[in-house]
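Next, two complexes with chain A in common: one pairs it with chain B, the other with chain C.
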Partner chain A sequence: MRRTLSLLRIALRNVLRNRRRTLITLAALLVGVSVMVSVRGVLNGLQSALVENVVKGQTGALQVHRKGYRQNVLASPLTLDFESEPIAEKARAVPGVQAVAPRIAFGGMLAVGDETIFLFNQAIDPAAELKVCPKRGAAMHDAGKFFGAGGIEQVADAVLVTGELEKALRPAMAKTKDPAALLAPDRDGALSGENATIVGKVDLSGPGDRKLGIVRLDVAQRLLKMEGRVTELAVAVDDLSRLEQTKAALQQALGEGYEVHTWEEIASFVVDIRNMQNALLSLVAAVFMLLMLLGVANTMLMSVLDRTREIGTMMAVGVRRQTIVALFLMEAGFIGALGGSLGGALGWGLSSWLSADGISLRLPTSDVPYVIHPFVPVQYLAAVVAIAATGAVLFALYPAWRASRLRPVEALAGG
Partner chain B sequence: MHHRIRRFLATSLSLVTTAITGAAFAAPPAAKAAPPATARPAPAPAPTAGELLAAYDAVMGPVNFEAQVRMVAYRDDGSSRDYTMKVLKKGDEKFRIWFAAPSAVAGQEMLRVGDNLWVYMPNLKRAIRLANRDSFQGGDFNNADVLRVNYQKDYDAKLDPACASEQAWCVELSAKSKNASYDRVQLWLRKADKQPVAGAYYGGSGKLLRRATFRAHKSYAGLTRPGEIVMRNMLNTKRYSIMAWESMNTGVNPPASRFVLDDMGK
Partner chain C sequence: MALLQLRGIEKSYELGKTVVTALRGVDLEVEAGEFTVVMGPSGSGKTTLLNIIGCLDRPTGGSYVLDGEAIGDRDFNDLADIRNRKIGFIFQNFNLIPVLSVRENIEFPCVIRGEGGAELNQRVEAIARDVGLTDFLHHKPDELSGGQRQRVAIARALVTGPQLVLADEPTANLDSKTSDQIIDLMLALNRDKGVTFLFSTHDPRVMEHARRVVSIHDGVIVDGTAAAAADVARMHGAGTSFLLPYDAAERR
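Now for the complex of A and B:
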């Protein structure tokens, strides 16, 4: 034990001996690790913003449908519907459920003057919707007009459309005085129509249908001849980390005829994107790490060549070969741990600094800029330091082995 | 200074992150294979593709007619809906339809003039533009299947011996313009009397959308033609619609004033 301690002391002193070389190696580790950590931090911030935008602006944490609905989701079948209030009542009674919003998803056409375009509609109850998807309000232009006082409640036939649709309809809107009309096959398939007033634009908060309309639930129920009925309940939960438990409890309460899905199952593209980003970042990080560790290996090899005479002396006074190996490995470990820690600290500091103001980032898949607050979990920092230290030790194996293979007489003569 | 550094860092980190994000979105394009054709021996003397197409148009869309038509749309869940309507056609490109049943659509009307198509909604008291490729009353025909029927105008035709059978010629149609309701159509006509017996309808990227069977051929006051078309939805094979012509009178000459927007709802 005392021998190991004194060996450690010697190793530390050796690291400090050639300051310039050590500093250059440390600098390489510092830059590499801090960039890695801060990019991870930004990506963490981006991913949690993405999840929040999807859960609180689109899907809700959980969704309830009639059994078999998700299998047919492309057809958005209106016949797989249910009485809204009794089921919502049951859902609200489940512990962990915070709020419930009834919805109907349906395909239809929006006609303005001479222009008729296809769109996918979401019918929502504005008051309930805001409790489940509070971010919806932010994604609607002039949000106060729709969800505040004098909002969508008063414009009964209000329709909100995406920017793409608005652009397509604008020339026709300028030419006609007639109100717009929303057409759709009703629950039985017969063509049905209601007047509609395009009152504003809705921004997409994530990847998804670019031709989307949002209408009031009561208007849709009249149009589709589905009074009191809906195809979907969006559910907000108290605690996202207990999502699976709440899902199970909700499924239990509603029984066989209904299916409950998490946002991850519904917005599976978010999970795919997240996995893809993580894989790419891991690849980049691995390349970075490899380059840094090669730097460490190089330093150690130089050190061995520099200190041939010293190694010879040590061997001549009876230091064993395995002790020499251990000494060099410890030196590498020191550099790795120190560089990793400093780099980690710098990266963590950088992302905290950026997090204070938030970064505004515009993604190709979204109309709304994301405000990102980077963060780095402590576990990730610990892992980075551990990888840097162990990696450095591993990469020092060859130089250390070279050192231990020297022959004392030749080494004393200067290699 | 402080702020500039922060902005620089934010921008460069965002760029790295955006690059990573962007790469994650790039997905490989899906390849579409053409449907395989079954080879059969070519028949002896054949009429030209143009003659067959003219024969098709002549029986499926006579110049003028008034018809009583019934359509039953069957849906995935086994339910069905029964529509009855009066169809009136004048010349090449003028159509009217008046729906009588079911009650949900009674009072609805449709008008086609050339490439323009409108539906009149009695509750809105006005006519709304529709597209050719939209589904006709939520069934498995599209609007142009019912309200256009002028293949000579919309498609180029050629005989395709590869898909012909012992009993039927096969005509391959390709759309002349974007206004045509399908990108590609295959029609089978009986060799015996050039009556249509089947059709296959393809959308963009060569996807098979619908398959039709023409059956119950009979004579309507001298015009022999299919009495029923069964249209199968190939995207959702549990769905199909049957359109049956209960009567057809080709001896009418309706006034042009019936084919204007102002006449709708009267």
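Now for the complex of A and C:
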């Protein structure tokens, strides 16, 4: 113990001995680690905003369908429907479930004057929807008449369409004063129609949603002859970190006739984006770390060359080979831990500073800017410091080994 | 039994395709308590001999017994332990560890074998007193003069209570007054504490104090007072006569 403490003390003094060289190595670690940490923080903020946008703005945390629905999701089969309220009631009783919103997804046509276009519709109950997806409105423009929010009178047959559709229909809307018509085959396959008023726009919610319409649930139920019935329940949960447990409990409560999916399963493109970003950042971080650790290895090698006679002296007074190795590894560990800690602290500080005001960014799935708040979990910081310190020790193995293999006579002669 | 027994020690180096022979069958015995000087011209093999005696280098032939222990083909760590327990070193360039204070330098050979505490502190302070460093224990080597640094090296060599202290030209980097002080110190340690010293030196003043002189030429010990006296005379300049206080033959 005494020997280890003494070696630690010598190692620390050796680190402080050639200050300029140590400072340069520390500066490299500081810059590299702080960039790694702050970029991770920004990416965390971005991904968190992306997830929140999807979960609270589109999908809900969980979705309930009749069994087999997801397999045929592209066809939006209306025959796989269910009575909304009894199932919603059961879902609300499940621990962890916060709110439930009924929905119908269906394909149809929107006719304005002599212009008719095909579109994919999502029918929602405005009041229930805002409890599950409170950020719905953020991705919509002039949606007051749809939701009846902000003192604006709700329009009974309000429809929101994507910007692309709105642009395509604009000339026809200018030519006619007749209301638009929403046409769709009902549950039995017979084509029926309802009046529709295009009141505003909705942002793209994901790939393939360029021709999307948001329709009121009661209008859709009349149109599709599905009064009281829906094809989907969107579910908000109390705690996203317990999503799998809540999913399992909900599945158990609803039985085998229904299937429950998480937002990750539904909006898999978000998971793909996240995984791709993480992989890319990991690759960049690994290259950064490699370069920094090569710097540490170089510093240690220089140190061995500078201190050859001193190593010889230590050997002469009886220091064993493994003690020489330990001394150099300790020195590298100090540099790695110190550089990693300082870099981590700077990166964390930078991330927190950026988070205070937030960064305004345009997300890839949205036309509206989102303010992201970078954050760095303590576990990530601890991992970076540990990797920097451990990596420094590993990269110092060769210089330390070289030092220990010196022959005392040659080392005393200065190499 | 002699403290140190060398029999037919040989040492050759390969320099590229050339083989250089530094020692050619050296026989030497040193008794405990001796104050012996190994002398000879540059390249005669005296530093090589001291390196082998100090277990810093391995002979290519012959046998070596130190304090009853045969130093044969022992591995690095065994030799390190022998150096730590039985041998003290004093180098021409002092070779102190610059990041350690005087106290830490002195106690270093003990600390690396796990010693510490009050007993070690007392021992270090006693040795520091013997070598005149009591007031400098907290100084760093770069705050000391050459003579003071060599005193630290002497204290470090003595702290483990070694059987043998090897000094390779310990006064070569010191002025004459400091050299005299260092030699007097080592003589006193030899006389009062019974420390066995083995020197290599060019310095004729050291010879004046030596109790035994071993002369080495071209890797071979040239025995007898005549050769040693000739060496001394050559170093002092032509025509100077010089009597050694003791010689190897007298001691036997």
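By our rule, the second predicted complex is superposed on the first by the 399 of 415 C-alpha atoms of A that agree within 3 Å, B and C clash if a C-alpha of one lies under 4 Å from a C-alpha of the other, contacts with A are read in each partner's own complex, and residues count from 1 in each chain.
Quick note on the criterion: a contact is a pair of C-beta atoms (placed from the backbone, for glycine too) under 8 Å apart; a residue touches a chain by one contact, two chains touch by 3 or more.
No experiment lies behind these values; they were computed from the predicted model shown.
For the composite obtained by overlaying on chain A, chain B and chain C can both be accommodated side by side without a clash. In the superposition on chain A, contact is made by A:276 with chain B only, not with chain C. In the superposed model, A:284 lies in contact with chain B only, and not with chain C.
In the overlay built on the shared chain, the residue A:259 is in contact with neither chain B nor chain C. In the superposition on chain A, contact of A:79 is made with chain B only, not with chain C.
Partner contacting the larger number of chain A residues, of chain B and chain C: B. The angle formed at chain A by the C-alpha centres of chain B and chain C is 140 degrees to the nearest 10. Of the two partner chains, chain B is the only one touched by A:194; chain C is not. Touch criterion met: A:323 reaches chain C, while chain B stays clear of it. In the superposed model, A:109 lies in contact with chain B only, and not with chain C. Look at A:357: by the touch rule set out above, it reaches chain B but stays clear of chain C. For the three-chain overlay built from the shared chain A, the minimum Cα spacing from chain B to chain C equals 41 Å. Residues of chain A that lie in the contact sets of both chain B and chain C are absent, per the superposition on chain A. On the chain A side of its complex with chain B, the touching residues are 38-39, 42-43, 46, 72, 75, 77, 79, 109, 111, 113-116, 118, 178, 181, 183, 185-186, 188-195, 207, 225, 273, 276-277, 280-281, 284, 350, 353-354, 357, 359, 361, 363-365, 374. Partner chain A is touched in their complex by these residues of chain B: 6, 9-10, 13-14, 16-18, 20-25, 73, 75-77, 79, 81, 83, 102, 104-105, 108, 119, 121, 123-124, 126, 128-131, 134-135, 137-139, 236.
Note for the complex: chain C touches chain A at residues 51, 54, 56-57, 76-77, 80-81, 83-85, 89, 91, 93, 95-100, 108-109, 111-116, 156, 160.
In the complex of the two chains, the chain A residues touching chain C come out as 2-3, 6, 10, 13-14, 17, 309-310, 312-323, 407-409, 412.
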